[in-house]
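Below: a set of structures, written as structure tokens.
Paired with subunit B in one complex and with subunit C in the other, subunit A is shared by the two complexes that follow.
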Partner chain A sequence: MSDVVMPQSTVLEDEQKISYWTLVWQQFSKNKLAIFGLWCILVLLAIAIYAPVLASSKPFYVRIGAQVHYPFFSSLFDRNLYENGVDLFFNLQMFLFPILLIMIFGRVLLFGHDFFEFGGRLMLAYGIVSVGFFFYHQFYPHQETYKDWVSTVVEARKQGEFVESYWPLRDLSYRDTNLEGGHPQAPGQRHMLGTDKEGRDIFARMVYGTRISLTIGIIAVSIYIFIGIVLGALAGFFGGAWDLVISRAIEIMLCFPTFFLILTLSALIENKSIFHVMLIIGFTRWPEVARLVRAEFLKLKNMDYVQAAIALGFSRGRVIFYHVLPNALGPVIVTAIFGIASSILIESSLSFLGLGDLSAPSWGEILSQGRQEFKLWLILAPGMAIFFLVSVFNLVGEGLQDAMDPKLRR
Partner chain B sequence: MQTKEKVLEVKGLKMHFPITGGVFSRVVGHVKALDGINFDVIKGETLGLVGESGCGKSTTGRCIIRLNEPTAGQVIFHSERGKVDLLELDRDAMRPYRSEIQMIFQDPYSSMNPRMTVMDIISEPLLIHCPEMNQKAREDAVHYLLDKVGLRKDQAMRYPHEFSGGQRQRIGIARALSTNPKLIIADEPVSALDVSVQAQVINLMMDLQEEFGLTYIFIAHGLSVVKHISSRIAVMYLGNMVELGDAEQVYNHPVHPYTKALLSATPMADPRAEKKQRIILQGDVPSPTNKPSGCGFRTRCPLAQASCAEAAPELRLLASGRKVACPFVEEAE
Partner chain C sequence: MKKESLSTVALRVVLALGCLGFLSLLTLQINNMESRMVQLGIQNDQIQGNLSKLQLSLRQMEDRIRASGVEARDGTQTAARGAIVSLNPGSPNFLDGLPPEPAPADANMEGHYHKVYGFVGADPKGMNFLLENAADVSEDIREYVNPSLGLRSSRDPSRFYGVLADRIEITDDFREYTIYLKDGLKWHKPVVDYSNPRYEWLKKDQFVTADDFKYTIDLIMDPMVQASHLANYYQDIEYVKVVNDRVFIIRWKKKTYQSVNFTIGLWPTPKWLYANDEDGRAFPKETAGLKFNEHWYNNRAIGCGPYAFVRWEPGVAIVLQRFDEWIGELPPIKNITYHLIQDKNQQLLRFQSGVLDIHELPVSQYREKILDSLESSPYRNGDYQVNSVNEMVYRYIGWNMDHYLFEDKRVRTAMTHAMNRKQIIKNVLHDLATLTTGNFFRFSPAYDNTIVAHDYDLGKAARLLDEAGWKDTDGDGVRDKMINGELKRFEFPMLVYGHRPEIRSWATIFKEDLYKIGVVCNLQATEWSVMLKKMEEREFVSFTGGWGLDFDGDPYQIWHSSQADLPKSSNRIGFRNKEADQIIELLRETFDPEERIRLQHKFHKILHEEQPYLFMYSEKSVYVNQPRLKNVNFQPFRPHVKTLNWYLQP
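Right, the complex of A and B next:
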């Protein structure tokens, strides 16, 4: 009898602690379409981060006569070239992101650690460094005098100097205007996807537009998810007067047609930047999340394990953050993924209507020009891109929804 | 008999849940879940609390541990620090007493946080109530408790959904034991389990009671389960206690007409046994929002008289030491 039991128990003792997210990941990775969506998001993220490598008018390396320059690297954090804060953030990621990937895959592949065990702390450190750098640059901007390297190199060649230079994939930045040969210009040799009515290269603007779209999606959603969780948790857990006030606020907010509210708010703000658009989306879309979180809290508050936690004398904070919130988070994360897709759509719609940040190279803004100029290349590229981005986020959202549903698990 | 040390005294415990309605949530009525109940719990005993659904037995347990805030009454707990009325304490003052009174829940599938391992579930109370313990000491304590409730050490790193109902209830018991409590309120701990597992869990609880000197308040809706474990049985009906006495007495010689009816409804597992005379009560249990005046049972009672509608009968002491809330019954000794 004991011979039979022994091997089984030794196997069990080797058992590793598996976290909930590992289980979700196992389930998620069975969904081919969702994995495809995740790869697409990673590719989009890579395009967004390495946008200057794909399109920038600054060469990596220039040698004119005896002089050597590295304009690409020195201009990465130049406020005059990249006037948008989003670009500074992504340019930093060109260096930080590979380090992050090495730290994650190095630990997972070499040491066999579980990402979901150490991931939280690593991501927190990563976030603090990124955001810290971003704010540092907001207050102490780095500025360079503008130099047109494309024509400098052409001039030098004409004068017969020795010139050696290495360029990004396309030597066009998203703000460079090319007014020769008419504008808007149809796709051709120099402009893969044509130019807009101000002579700016559409390919460059599409590439940098990926940054805008992803940032809009993630930051706007983070804002409203945060507001929604805080208000929903207060209403659901404490009930009473909290619930009365917050529920009425949710109902009032839900009475407004959200998109028209966003339109009105964006019409009120002058000199909008892309961050204003994020704030507007963030502050108008929280009621859905708050209602969801409130419902989850109401349900979970009466679960026996929460009652047990209260009976054991745990503090309110412990009950909320350790026992209720982690179990309420599942549907919220799924809503967030879908929310990213819809926030990108809202931003595109705002730009399409001319109410977005007009200086930012957003896809919706290109689409809006397509409407005014009625040129096919102005409509097709951003239209397909928006469709693609929204679709892949929805694929991932659906995959996650299925993976987190405990009823579908084995 | 009289020298027995009390652990808990419940005096005039009332729990009236308000019913709100209308735009401004005005109180339009009350659900009288508990309507002034009195009982003592003696150290080392198992007090069985029985009654049908909605009679207030679970509410009694929840009020003692203050998961519900009672409307009125006293719950006097005799701890080493002296007597204290639990209902007068605020959250922080209540905390040390929470480690001395623990609860085992009915549904083993929902009484454990699905995101936590068994180790986390059982060691969390230690983290709060014994902050001087370090990680290693807590792990040892969890392994000791798992061993006590009949689970293996290596199962500590698993999640609740990997266990069967009976095993989960064992984990629930281990969690309740972790703070070294004096009193455990078991709220129908076996009614969600298979019959074969019920006996195992009950026997485990009895073994643990002997080993750790625990006192139980054992809530159940069937008398047969309670009879096995209880030393005394309290029968409840519509928010009142109708009979309270030694388990043998109440089970074999019930005096209150409701107890008699409840007992006669207990199914017998012996087909050759004599067909018992079933007492079929007329009508339904009255709504606790609109209780009959006087005795709550008078609408269905075979002994009801006109005087029953006037005043609610108090529990009165019979010669054998048991208490019954009916003025018309006597022991048929």
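Right, the complex of A and C next:
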């Protein structure tokens, strides 16, 4: 009975009611490296969400003569400027994410609620609002006419008008090409991390690239975790023909070298966007998860509480999703976190090979240009960033793995 | 955690240091071994070189003995194959061009020349010259192994000199060509394992005859043979008549300027090899064409030229060796190895380590090694020789003129105004290109220099789009127009050839400039094979392209309206213009150089007026070579690199 987890409704006899995830969190928070990793992820997330505040060619506030404009805010959901759905999603998070944080920390700190009890519903609501807005925007996009605010302001100043403007940290967007003066340029005053061959600012591209990397990691992994769980659960719980078919499918998928399969698939898609890359990664890496879930289900389905649930006549869906799945999730979540790291690497490799999305400012793409151009700053910045992001996710994954292992519990 | 005692820590440190030391020793050893092996390789090459020198002098001695009349057994044969009498007395020899300067008499006749194969260093699909469409095969191997009847003279590109042919007589209407082959043209020995009795039938010496040329034409015309890329050019042949072993006549159905090129560009195909299976049995007539497509010898090359094919190791190298029985001027370089390396950086490393004799610098390497390097770098202090050559290629963006977006010439002109060509050439290509406004080679007289290129002017582009009715009526920042009662946005996909970084670069810049004038361009980086398929099936709105020119630059293939509706034709964009058609047809029948130039200039003006393409630039290649490579010169037309009179200093 050592590592079997009681269903959440069971009350432990001796101590106060404590959920499994609270226990895991307690263990996890003892691991300093993992906590450091978690903080780093939060910082990266903040960078990703507030990328336009760090680099954007739209000023927050401009006053020319008597006219007042707020281009930054009006352009946040401009589909012409932010071509990628990813950017629109993150721009929305600039407002939603603080609300989420306030709700979480407010309840935890002020009312002493346990995050792991209310967290699920809150995150679900949050997800629905974000995705709902995202799809709404896909169908009813907001679009604006291009206006070059940098030169507008310069022109107005030249003509002696009264000009007042507040700008993001750098007044450069990741799309601004520039052919004057020879590029790529080494890091300097105007371009903190230099420019690429098209004269685009590397700092801006790196900052926006964080968005791409994180999205790729999270969405691709969600896709394959979902597929893996469903197939694994079916195979493990029902056994028989289900198991036979799904296990063979898993074996077949495992036979392919994944990266080459991904390369082939990505060559087949003609008009690639960043979402295709996520889908490709998602649809090729599920067997690992399915195998894991299947094994857990095989083990758990013969447990007394599951048998009891079946005997009570609960529907199969209820038994699978309410009774077995929560207890099988542990190892899956660990795989998922490692999976995020490896998905980010795969995306970078694809972009590096020139098979990614041409218009997305992906780190791999910058790296690939660095290799062609032999420029150190084009290699160092994205290289270090990829290394950092991947290590940080791996640290958290390892921490979680240790925290979930009852043998290592302290 | 338990605290470790000092001794364990010390032990660990010592162990770690030991490991480190061992690893570094290992690395050192491997490095030593590598350099030793390189030295051994060089020694081996030298020994081989000496050996072949010996062989050559032996053969020369033999020849001298023969010439002095000690042995006259071949006498009868020579008489029969002696000088040939002209069939059309009085008509001049068309092959009056001067051949390239021979190498100096004291040039080293040994030497092993190393180069990357073709443009990208990728493996060819096969080595059958009739089946391979790739320019790589024809430029790097075919002209060496199996040359054509004649070639353009690099000293006067409007004239030809004979390679396999001694003499060509052409009737006044340019329809009938009488071709006289050189004497003693011998086929190379096929590369097979002669210890196997199965190949006994290949041991005999074979000579090139007029039949071999007829066989080439027959194969090209055979619908079963996969040589449709050539069939296009040769379909106007009326007949080929073989007069005797060394004389044949080619007659064309009509008078075309192109017939000169294609007749003289004809090469022989050995019937004694390709008409037989591996055991020497002839294929049945009905399936001979199909069998030719998958002939057992297709992964090796055969010819009668100055170099013979030796071997092809896929992914490693293709090796040629001088054919010392070649009747023409013997090239000084004895062996040629084409390395199959695709990565440009790896190519550069191999060049710098001295393995490759010549290397073409891509733009980024040109900037790194020449523009941004110190005076003392080997690329600038003269240690390596640097040459630049104007490629007979132009790059462009093609618009689908049957698409509602690009049917209006004002729209196409606006696109040209939105492309910052001058700055792109300066900054992205580092002046390794010349802006071009038309289809003819930028540096040929056919190109009209008086035409002024459209400048980069987004304001003008926006005005032109306004005039053409493309305005942002619904305020979404993207131009739109009512077409057949439907509001269409100015948003289009562009197929971008993903393999070349500079094309991706300028396509991106173009996209960002278009965004500023309310046009959305979606770039689609595409593999060449997919792109070709889409272009052939007209499933595109726009694409980035490149076109390699031959010296004449006959516009028919791309620009004649008759080609616009043919499947898989080169007029992919659907260009139809009556005046242009007339000029194209006239050009095909005009032989007077001045009149041709006048017509070509007129045609160039029409293209500039219509802007069917957004003509970008004509490229310049930069070659660096090791100083040991001597007499390096480049042809003004393709193939630019031709080493027949180069030599390697020992």
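Definition applied: the second predicted complex is superposed on the first by the 392 of 410 C-alpha atoms of A that agree within 3 Å, B and C clash if a C-alpha of one lies under 4 Å from a C-alpha of the other, contacts with A are read in each partner's own complex, and residues count from 1 in each chain.
Going forward, a contact is a pair of C-beta atoms (placed from the backbone, for glycine too) under 8 Å apart; a residue touches a chain by one contact, two chains touch by 3 or more.
Only a predicted model underlies this, so the values are computations on that prediction, with no experimental measurement involved.
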- [ ] Return first, second, both or neither, reflecting whether A:183 touches subunit B, subunit C, both chains, or no partner chain.
- [x] second
Open item on the list: In the overlaid three-chain picture, which partner chain does A:20 touch, first (subunit B) or second (subunit C), both, or neither?
Closed with: first
Open item on the list: Just checking: does A:327 make contact with subunit B only, subunit C only, both, or neither of them? Give me first, second, both or neither.
Closed with: first
Open item on the list: After the superposition on A, what does A:307 contact: first (subunit B), second (subunit C), both or neither?
Closed with: first
- [ ] Identify the partner contact of A:369: answer first if only subunit B is touched, second if only subunit C is, both if each is, neither if none is.
- [x] second
Open item on the list: Quick check for you: in the superposed arrangement, does A:136 touch first (subunit B), second (subunit C), both or neither?
Closed with: neither
Task: First, second, both or neither for A:256, with subunit B first and subunit C second - done: neither
- [ ] Name, in rising order, each residue of subunit A that touches subunit B in their complex.
- [x] 9, 12-13, 15-18, 20, 244, 303-305, 307-315, 318, 322-323, 326-327, 406
Open item on the list: So in the complex, the part of subunit A that touches subunit C is made up of which residues?
Closed with: 78, 80, 141, 143-146, 148, 175-177, 179-180, 182-183, 197-199, 267, 270-272, 354-355, 358-359, 369, 371-374
Open item on the list: Can you tell me which positions in subunit C touch subunit A when the two form their complex?
Closed with: 344-345, 364-365, 367-368, 420, 423-424, 426-428, 472, 475-478, 493, 496, 498-499, 501, 504-505, 508-509, 511-513, 515-518, 520, 522-527, 530, 534
Open item on the list: With touch defined as at the start, can you tell me which subunit B residues reach subunit A in the complex?
Closed with: 25, 65, 67, 94-96, 98-99, 102-103, 105-107, 110-115, 117, 124-125, 128-129, 152, 154-155, 157-159, 161, 172, 175, 179
